[in-house]
Amino acid sequence: MRHELQLLAVILVITCAEIYYSGKDKSGVVPLSIALFGLHALAGWFPIGEGALFGGMYRTHALIHFLKNVLDLGVLVVVLQTAGWVKKQLVPENRVSEFYLLLWSSLLGMYYMISSGDVLMLFIGLEMSTLPVAALAAYEVLRMRSAEAGIKMILMAGLASAITLMGISLLYGATGTFSLTVLSQKLTGTGLETLGFIFFFAGVAFKISLVPFHFWAPDVYEGAPTGIAGYLSVVSKGAAVFILMILLLGFAPALSGIWIGVLYLLAILTMTIGNLFALRQQNLKRFLAYSSVAQAGFILLGFLSAGQDGRASIIYFVLVYIFSNLAAFGVVHSVEAATGKENMDDYEGFYRVNPRLAMVMLLALFSLAGIPPLAGFFGKFFLFMSAAAGGYYVLLLIAVLNTVISLYYYLLIVRAMFLRKSAHPLPVIQNDYWMRASLLICVAGILVLGVSSGVYDYIFGLCVRL
Amino acid sequence: MIPGVSLIEILAVSTLMFFIGVYGFVTRKNLITILMSLELILNGAAINFVAFNKYLYPGEPAGQFFTLFLIAVAAAEVALAIAIVINLYRRIKTVDVDNVDTLKY
Amino acid sequence: MEGYSYTIWIVLLPFLVFLLTGLSSMYIRPRLAGLIGTGGILITLLLSLLTAAQYFSTAPPESGWPTLIPFDATWLKFNDTLAVHMGILLDPISVMMLVVISVVSSMVHIYSLGYMKGEAGFARYYAFLSLFSFSMYGLVLATNLFQIYFFWELVGVSSYLLIGFYYDRPSAVAAAKKAFIVTRFADFGFLVGILLLSWYSGTFDFVMLNNPDGAAIAGAASATFMGASVLTWALVLIFMGGAGKSAMFPLHIWLPDAMEGPTPVSALIHAATMVVAGVYLVARLFPVYHLSDGPALDIVAWTGAITALFAAVIALTQDDIKRVLAYSTMSQIGYMMLALGVSGYGAEEGLGYTASMFHLFTHAMFKALLFLGAGAVIHAVHSNVMGEMGGLRRYLPITHGAFLVACLAIAGIPPFAGFFSKDEILAAALHHNPAIYGIALLVAGMTALYMFRLYFRVFWGEDRQYHHTPHEAPAVMWAPLILLAVLSAVCGFIPFGQYVTADRLPAGSHLDITIALTASGISVAGILAAMALYRKPSDRPAQIAESLSGLYRLAHRKFYIDEIYLAVTKNVLFKGIAWPAAWFDRHVVDGSMNGIAWVTTRVARAIKGIQSGQVQQYALSFVMGAVALAALFIYWLKR
Amino acid sequence: MEKIVFYILAFAMLSLSLMSVLSPRLLRSAVYLFGVLAAIAGFYFLIGYNFLGAVQLTVYAGGIVVLIIFSILLTHEIDYKMEPPSWLRAGAAGVVCAGGAGMVLYLLSTTPFTRVEAPERADLDTLGGLLLSPGEGGYLLPFEVISILLLAAIIGAVVIAKHKPGAASNLNQENQTL
Amino acid sequence: MNILLLLLIIPTLTILALMFSKEREQARLVSVVGMGLQFVAAFYLLFAFLRERASGNTDDMLFTSSYMWFSPLNIRFDLGVDGVSVALIVLTAIVTLAGVFISWRMEDLAKEFFISLIALATGVFGFFVTLDLFTMFLFYELAVIPMYLLIGIWGSGPKEYSAMKLTLMLMGGSAFLLVGLLGLYFNSTGAADGHTFNLMEIAAGGIPVEAQRIFFPLTFVGFGVLGALFPFHTWSPDGHASAPTAVSMLHAGVLMKLGGYGCYRVAVFLMPQAASEMAWFFILLTGFSVIYGAFGAIRQTDLKYINAYSSVSHCGLVLFAILMLNKTAMNGAILQMISHGLMTALFFALIGMLYERTHTRIVQEMGGLMKVLPFISACYVIAGLASLGLPGLSGFVAEMTIFVGAFEHADAFHRVWTILAVSAIVVTAVYILRVVGTMLMGPVNNPEYAHLPAAAWYEKTGALLLILPIAAIGMAPLWLSEMIRFSLEPIIRQLGL
C-alpha cells in the first residue's frame, strides 16, 4: 500500500501547488512534478513485505511491487518527455497540474488493478487507469484530432467496460464470488464460465489492443498528444499485460484449456493484422500504434509456457518494450514539438541533420524489431522460447515470420532517416534537458538490458509466484 | 426473489437490454445517443449482478455493491464523455458520429 | 633413387624463373628477362640430358627399365586411402619426354630472343614460357594421375596465356578462349575418369595402377555400367582428356585457331610438347588400357586413325602456313594415337607402343623445326598466307635447308627421322588391323603431298611483291633451326626399342623392308605429285579443286566442324540453357520472392478498409469479436 | 401481484430501451432512457434492494439523464431528427446482437444454477457498515478509490469542457486546416 | 584471458574508437589499426591452435571457456574453436582487413561506414568463435543487419530495393533458423541440468529422431538462405550488385560462409539421422544450383551479377559437399568456403577498382583494360583462374576434394549429381573467360581509358592480401586440409560412419 500512498501524496502536493500557484505563472509546477515523481519512483524500489489488506481486496508481494516499479519507470520517462510540451502548450493554457493529476491517477488505477485481489477492485482499477487517459487523449482541446481521439477512446472504453461487466456478472453468477482466490478454485470451465471469461477478457484485451479489440488504438495514438500516445502504448498496455498475466497464469489455470486457445488465435491475428497495417503507414505515430499492436501479439507468446520462464519473459519484454517504444516516441515527440511534422517523408535525411536523434531512433527501431545485441532481441527471444517451451512451434514460426514483416516496416523508417537525402531536411533539433534525459534513460535501457543478464535473472527470481 | 418470477426471466430482460444497447451503440448517428445506448448496456449488466445476488447468493451483498460502484463508474464515464463531446462540438459544431472519422486507415 | 635428387630442380627451376620474371616483368629490362628465362631453361636442358644419360647408361635389370621415384611428397590427403602426391617419376618414357621438352623448349627460348624482339610484353612472354616449361615438366614427371591432372590444367592455362599473348587482337583472344574451353570440356571427362578409376582402385599412383597383375584395377574391371566395365568407362573418359589436349577429332577445333599465338609458342606447345600430352597420358596408363580388355584401346586406335586422315585432308586445302602445320600436327598425333591403339604388351606385340613413343620423339624434333622455320618465313615476309610467299629459297637459304630436312623427315623419306618411326607404326598397324594400316598408309602419302605443297609454294614458285626484301633471320633464330635439323636428320637411328617398350624389356629394333618400301614409295609419290603441281605456278591445283569442288570446299572449310560447334554452343548452351536459366531466375525464382512481398502489400492495402475511422464499426467488430470468440471456444474448440 | 409488476416493469424496460434506441428524435430518446432507468430502479425496489434503487434513481435519473439532456440541448435544436442508420450497418448489428443475445440466453438457460441459501443481508445498516469496513467483506478500499476516480473524471471533464478565452482564433485556424 | 575473447574485444574497441574519431583520415586509420590487430590476433590464434594440436591436444574443441549468461534458461556464452572455425576466422580477418584497405577512399560518412563494416565483421567473428546456439544466432543476426545500412547508404543502383530484399530474405531465413534452434534446445538432453544450447552437449545427448525430422529442414533452410541455397538465393545477385565494394567482399567472402558453416555445424552435426534421411532432397537442390548458377552467370552482363551467380554456384557446391556427409566432401566444403571467400572477395575488390575508374560494370562496355590497368587486370585473371579451379590456386584444391568426396557414394543418384556438379567447371570456364576476353583483352575500346590511374598502394595491398593466401593454399594445401580433416572427427562420429 506504500506505493499507492506515496503517489497519492504526490498528487496531493501537486494539488496544493496548484492552489499555491493559482493566478501565477505555473511553469514551476513542471520541475516540481518531475522531481516529486522521480522521488516517488526512486522510493518505490525500497523493498516491501508481502501480504493482503482490506479483506483480501488488496494484496502485494515482491513481484507485484516490481511491476509497479516498472510502470513507474515508464511514467517517469513519459513525464520527462512531455515536460517540454507541457511547458510550451499547457502552461499558457493553465492546465498543467491537471495534466499531472490525471496522469498519476491513471497510474494509481493501475497500481490498484495489479494489486487487486478481487474482481471489483480489478474493475475499478481498470476504469481508473482508462478514464483519465481518455481525458488526456482529448487534452489538446483546440485540436480536432485530439477531440476525436478522446471521443473514440472513451466510447470504446465504455463499451469495453460494459462487456467486461457482462462477463464479470456471468462469472459471478456461476461462482458467486468476486475474490480472485476463491474464483480460481471454483472455476471449472463450463460454457457459462467460458462466456463470462471471454467477455471479461475482451476488456483487458481492449487495453492491450489485441485484434479485434484494437481498432481504437491507432486512431487514438495518432490523435492524442504524442506523450500520451507513448503512455498508452507502453504504460497502459504494460499494466494490462501484467494484470492479464496475473489473472491467467495465477488465477485461471483451470481455464487454461480455453485461454491458451484464445491467446493462440489472437496472437496470430494480432501480429499479422498489426503488421499488415503498419506496413503502409506514413504517419509515425500511427505507425508506432500498429507496431505496438503487433508487439502485443508477440507478448501473448509468453503466456504459452506454464513455467516461471514464461512469466519472466513477459515482464522482461514489457520492460524492454518500455525503453524501446518510448525512445521511438521520444524522437517522434521532439521532432513534432520542433516542427510539427510526423510523417515518414519528413524524416528523409534525418541522420545527416540530427545524427544523435537518428541514432536513438535507429536503436529503438532495431530493438523493437529484435535485432541483437539490443534489448529487444533478448526480449523477443525469451518470448519465443516460452512458445517453444509450450511446444507451439507452428505459432512460433508464424510469429517469427511476422518479425520479418515487422523488420520491413521498421527498416522503412531507417531508410528514410539514413538512406535518403532530402531537399528539405528537418532543421537541427535542440531538445531540452528533460527530453535528453529521457532518451538517455531509454538508450541505456536498450543497450544494457540485453547484454547484462542481471535484470532478467532478477525478474526470473521474482516470478516464483504471481 | 420475486414470487413466480424465475431467475432466467430476469436474466432474459437484462440480456436483451444489453444487446439492444449494443445495437443502439453501433447504429445511432449521434454521439449523445451512443452514450445513451452505453447506459443501456451498463444497466443490462447491472441487473445481472442484482439478480444473481438476489436469487443465488443472498448471503453476501457483493452483487449489490458491485452495482453500486458500477453506477458510480458509469457516472464518471458519462460525465467525461459528455465533456469531450461538448469540446468536440465546439470544434466542429456537430456531434454527428459520421464526422468523427478523420483518423483512419 | 640416389643420384637423381637434382631432378627436382628440373621442375622447380622454371617455376622460380616464372615467379622471378613474372613478378618483376613490369620493372626489369625485357632483354634481361629473356636471358634469365633462357638461362633457366638451358640449365634444365643440361639436367635433363644428364638425367637421360644417367638413366639410360645404367644397364637395366632383368625386369626391364626401372621406375625410379627420386622425390615424393604428400600434397593433399583426400581420405585415408586417397592422397595426392607430388613427385618425380623416372622411367623410359618420362625421361624421353624430359629430353624432348628440354630440347624443344631450349630451342624455342633461344629462338624467341630473336623472334620476339621488340614485342611489348617480352618479359611476360618469357614468364609464360617458363610457366609452361614448369607445368610440362611436372606433367611428364608425374607420379600419379592426380599430379598429371594438376599439371595438365596448368599447361592448359599456359597455353591459354600464350595463345592470347597478343591480347589486343580479338582473334587471338577468341582462339585462346576456345582452346581453353574445349580442352576444359575434355578435362571434365578426364576428371570424371580419374574419379571413377581412383574410387575403384583406391589409388592415383601410376606404379600401383600399372602393376601388371591388375590388382589395383580389378574392382573397376569387375563393376559394370551400361554394358561396359567401369574400367572401360574410366579409361575412355581419361582418353577424352587426352583427346582434348591432343586435338583428336572431334575435340580438335581449338588447335588450328591456336596458331594465333606467337609462332615459337606454336612450335613449343602446339606441335612438340603439350599436344602430345594426350599420347603421353595413354602411354603412361598403357598397362591399364591393355589390361582393361575392353574397347578402350580400339577407341584410341580409331580416334587416332580418323583424326590422322581427317586432318590430312584438311591440311591439303589450307592456305595459311601455320594452319597447314597445325593440321599436320593433328594428323601426326593421330598417328601416334593409332599406334598406341594397335599396340599390345609383349616384345613383338608392343611394337605399337614403342613406335608411338618414337614417333612422338621424332615428330617433336621435325615439327618444332617446321614451326620455327615457318616462323622465320613469317618473320621475313610478315604474312602467314602461302599465297603471299614464293621463291623464298633464295632469300632464306638456311631456313630453306632446315625446312627441307624437316619436310623430308615428316614425309618419311629415309634416312630422316620420320621414316623410322612411321615405319614402325605402319608395321604395328599391319599386325593389328589391316583397315587401320590402310588408312595410315594413305595418310603417309597425303602427308608428303601437303608438306611438299607447302614447301614448294613457299620456297619455290615465283617471287611476290615483298614490301622489303626478305632476309635471313639473326643467328639466335637460325642456330636452333640448324640444331633441330640435325636432330631431325639423325635421331631416327636411335635404337628406340632398346629403351622404350610397353613391358620395359629392351627389344631389338627391326625394319620391315616391305612396309618400308611401300611407305617410302607412297611418300615419294606424294612428293612427286606436289612437285608436279606446285613447283611452278600453274592452274592445275585449281582445276583439281574444281573437279572435286564439293569435297574441296568441305575440306577447305574444315568440314564445318567449327560451325557445328558454334551452333551447338550458341543454340543449345546459350539460348537453350543459359538464357532460360537466367530468365527463370529473374522471373520465376526472384519473381516468386518479390511476389510474396507484393501479395503482402496488396493484402495490406486490401484490408485497410476495416480501419474505417468510424467508431461504431470498431464497436461492432469489438462485440462481434467477443461473441465469435466465445462461440468458437464454447462450441467448437472446447477442450 | 409482484409477478405482474415485474412483467410490467420488464415490458417497460425492453420496450422503452428499444424505443430509445430507435427513436430519431434525441430528446424523446433521452426521455425513453429515463423511463428505462426508472423502471430498473423500480425493479430494484421490487426485489427489496431499496438502497440500490434509490441510488439508481438519484444518480442515473437525477444526474446522468439530466446531464445528457443538458448536452442535447447544448448541441442541438429541439426538433433535430437523426438519420436512420444504413441498412448494412443495422443488419450487421442486428445479426450480431441477435446472435449474441441468443447465445448468452441459451447458455444462461442451460446452466443449472444452484442457490446458496443464507440469510439475506440487504438492510441499509449492514450495507452502510460494510461500505466503510476495512476488513473481510468490507468495501472501504473501493469506496476510497472510486472517490479518486470520480475526482479525476471531474477534473478531466472540467479541464476539457471549460471554455477558454482566446481559443476562438486558434479554433478558426484549426478549422481551416481541416 | 581467452584468445577467442580477444577476437571479439578488438573489433568492439575499434568500433568504440571509431565513434570518437573525427574526420575521415582518422576513421580509416583507426579501422586499419584495429583490423590489423585483429589480423595479427587471428594468425596468432592459428599458430596457437596448430601448436596445441602439435603438442598432442586432441580435444574436439580448443580454447574453450564458458560464461553463464542467463542462468535460469541455461543460456551461456560458450567459446571454443576447432580447425574449421580457426580457418574461417583467419579468412574473415584477411577479408576484413582487405576490405578496409579497399575502402580507403570512402568519402561519404566514412566513420559510419567503417563502424557498420566492423560491426558486420564482429558478428562474423562472434559466429565462428561460439559454441552455443544462442550466441551463434545472436551473432548471425548481428552480422546481417549492418548490411542494410551498408548497402542502403553506400550502395549503388537500386540500392534501397536490394538492401531491403537482402535483409528481409536473410531475416526470413533466420526465422526458420530460430524455430529450428529452439526446437533443438527443447529437445536437447545433453546437459546435466535441463536443456542446453551448447553444441557439444546437444551432440553428446542426441536429439530424438522425430524431432530431427522437423527441425533439420528448418535449420538447414535457415542457414541455407545465407548460403545461397536454391531457390532462396535471389537476394544475392541484387545485394551484391548494389553493395559498395568492401561490403560485397565481406558479404560474399565471409558472410555467406556463415550459412555453410551453420549447415555443417548445426544442422548436420546435431541432427545426423535426419540429415542422412533428407540429404537427397537438398542434394537435388544444391547440385542443381551449382550448374544453374553457373549457367545463370553466363547470361549476365554486369560484372557483379556474374560474380554473384558464380557465388551461387560455388556456395551451392559447399552445401552440396556438406550433404555428402562424409569426411572428404566436408573437408572439401570447408576448403571451398575458404577458397571462395578469398577469391570472391578478390573479385569484388577488383570490380570495385574497375568501377571506380571506368564508371561501368557492364562487361561489353569495357575492353582492353589489360593494357591500361595491368595490375588490376592481372589480379582479375588470377581471380578468374582461381574461380575456374586452376591447379596451384585454392579453388582447385577445394573442388577436387569435394568431387573425390562426393564420389565416395557409389550409388547412381549421387554419381549422377556429382558428375553434373563437376560439369560446372566447364561452364565456369566459359563465363570467366568470356569476361576476361571481352573486358581485359582485345583492343582498348574507349579513348578515355588511356588515362585511367594505376592501382594505388592501398588497392594493391588489399588485392595482394587476398591473392597470397589463394596461392598459398593452392600450392601447399596439406596443412590446412589436415587441420580441417582432424576437426571433422566429431561430426563423423555423430554420423556414425
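Lettered A, B, C, D and E in written order, each chain numbered from 1.
Here is the rule we go by: a residue touches a chain if its C-beta (ideal position, glycine included) is under 8 Å from a C-beta of that chain, and two chains touch if they have at least 3 such contacts.
Keep in mind the model is a prediction, meaning the values are calculated, not measured.
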Could you tell me which chains make contact with subunit B and subunit E both? A, C
Set of chains adjacent to subunit B and to subunit D: A, C
Starting at subunit A, how many touching-chain steps does it take at least to reach subunit C? 1
Which chain wins if you rank chains by how close their C-alpha centre is to the centre of all protein C-alpha atoms? E
Top chain pair, ranked by number of contacting C-beta pairs: B-D
Farthest CA centroid from subunit C: chain D
With chain centres taken as the means of their Cα atoms, state the distance from subunit D to subunit E in Å. 68
Nearest whole angstrom, what separates the Cα centre of subunit A from the Cα centre of subunit B? 27
Where the centres are mean C-alpha positions, what is the separation of subunit C from subunit D, in Å? 100
Geometric centre distance via CA averages, subunit E-subunit A, whole Å: 42
Which positions in subunit D touch two or more other chains at once? 89, 92-93, 96-97, 100, 103-104, 107-108, 113, 116, 137, 139, 142, 146, 149, 152-153, 156-157, 160, 171, 174-175, 178
Which subunit E residues reach two or more other chains? 168
What parts of subunit B, by residue number, touch at least two of the other chains? 18, 21-22, 25-28, 34-35, 46, 56-57, 65, 69, 73, 76-77, 80, 83-85, 87, 90-92, 100-104
What are all the touching pairs of chains? A-B, A-C, A-D, A-E, B-C, B-D, C-D, C-E
Which subunit A residues qualify as touching subunit D in the complex? 8, 53-58, 93, 95, 98, 101-102, 105-106, 108-109, 112, 120-121, 124-125, 127-128, 131-132, 134-136, 138-139, 141-144, 150, 166, 170, 173-174, 176, 190-192, 195
Subunit B residues touching subunit C - in the complex, by the definition given at the top: 22, 25-28, 34, 97-98, 100-105
Going by the contact rule set out above, which residues of subunit E touch subunit A in the complex? 69-73, 75, 134, 138-139, 141-142, 145, 148-149, 152-153, 159-160, 163-164, 167-168, 171-172, 175-176, 178-179, 182-183, 185-186, 214, 218
Touching residues on subunit A, where the partner in the complex is subunit B: 120, 123-124, 127, 131, 134-135, 138, 141-145, 147-152, 154-155, 157-159, 161-163, 165-166, 168-170, 172-173, 176-178, 218-219, 222-223, 286
Which residues of subunit D touch subunit B in their complex? 2-3, 6, 10, 13-14, 17-18, 20-22, 26, 29-30, 33, 36-37, 40, 43-44, 46-49, 51-52, 55-56, 59-60, 63-64, 67-68, 71-72, 74-76, 82-83, 85, 89-90, 92-94, 96-98, 100-101, 104-105, 108-109, 113-122, 126-127, 130-131, 137, 139, 142, 146, 149-150, 152-154, 156-158, 160-161, 163, 171, 174-175, 178
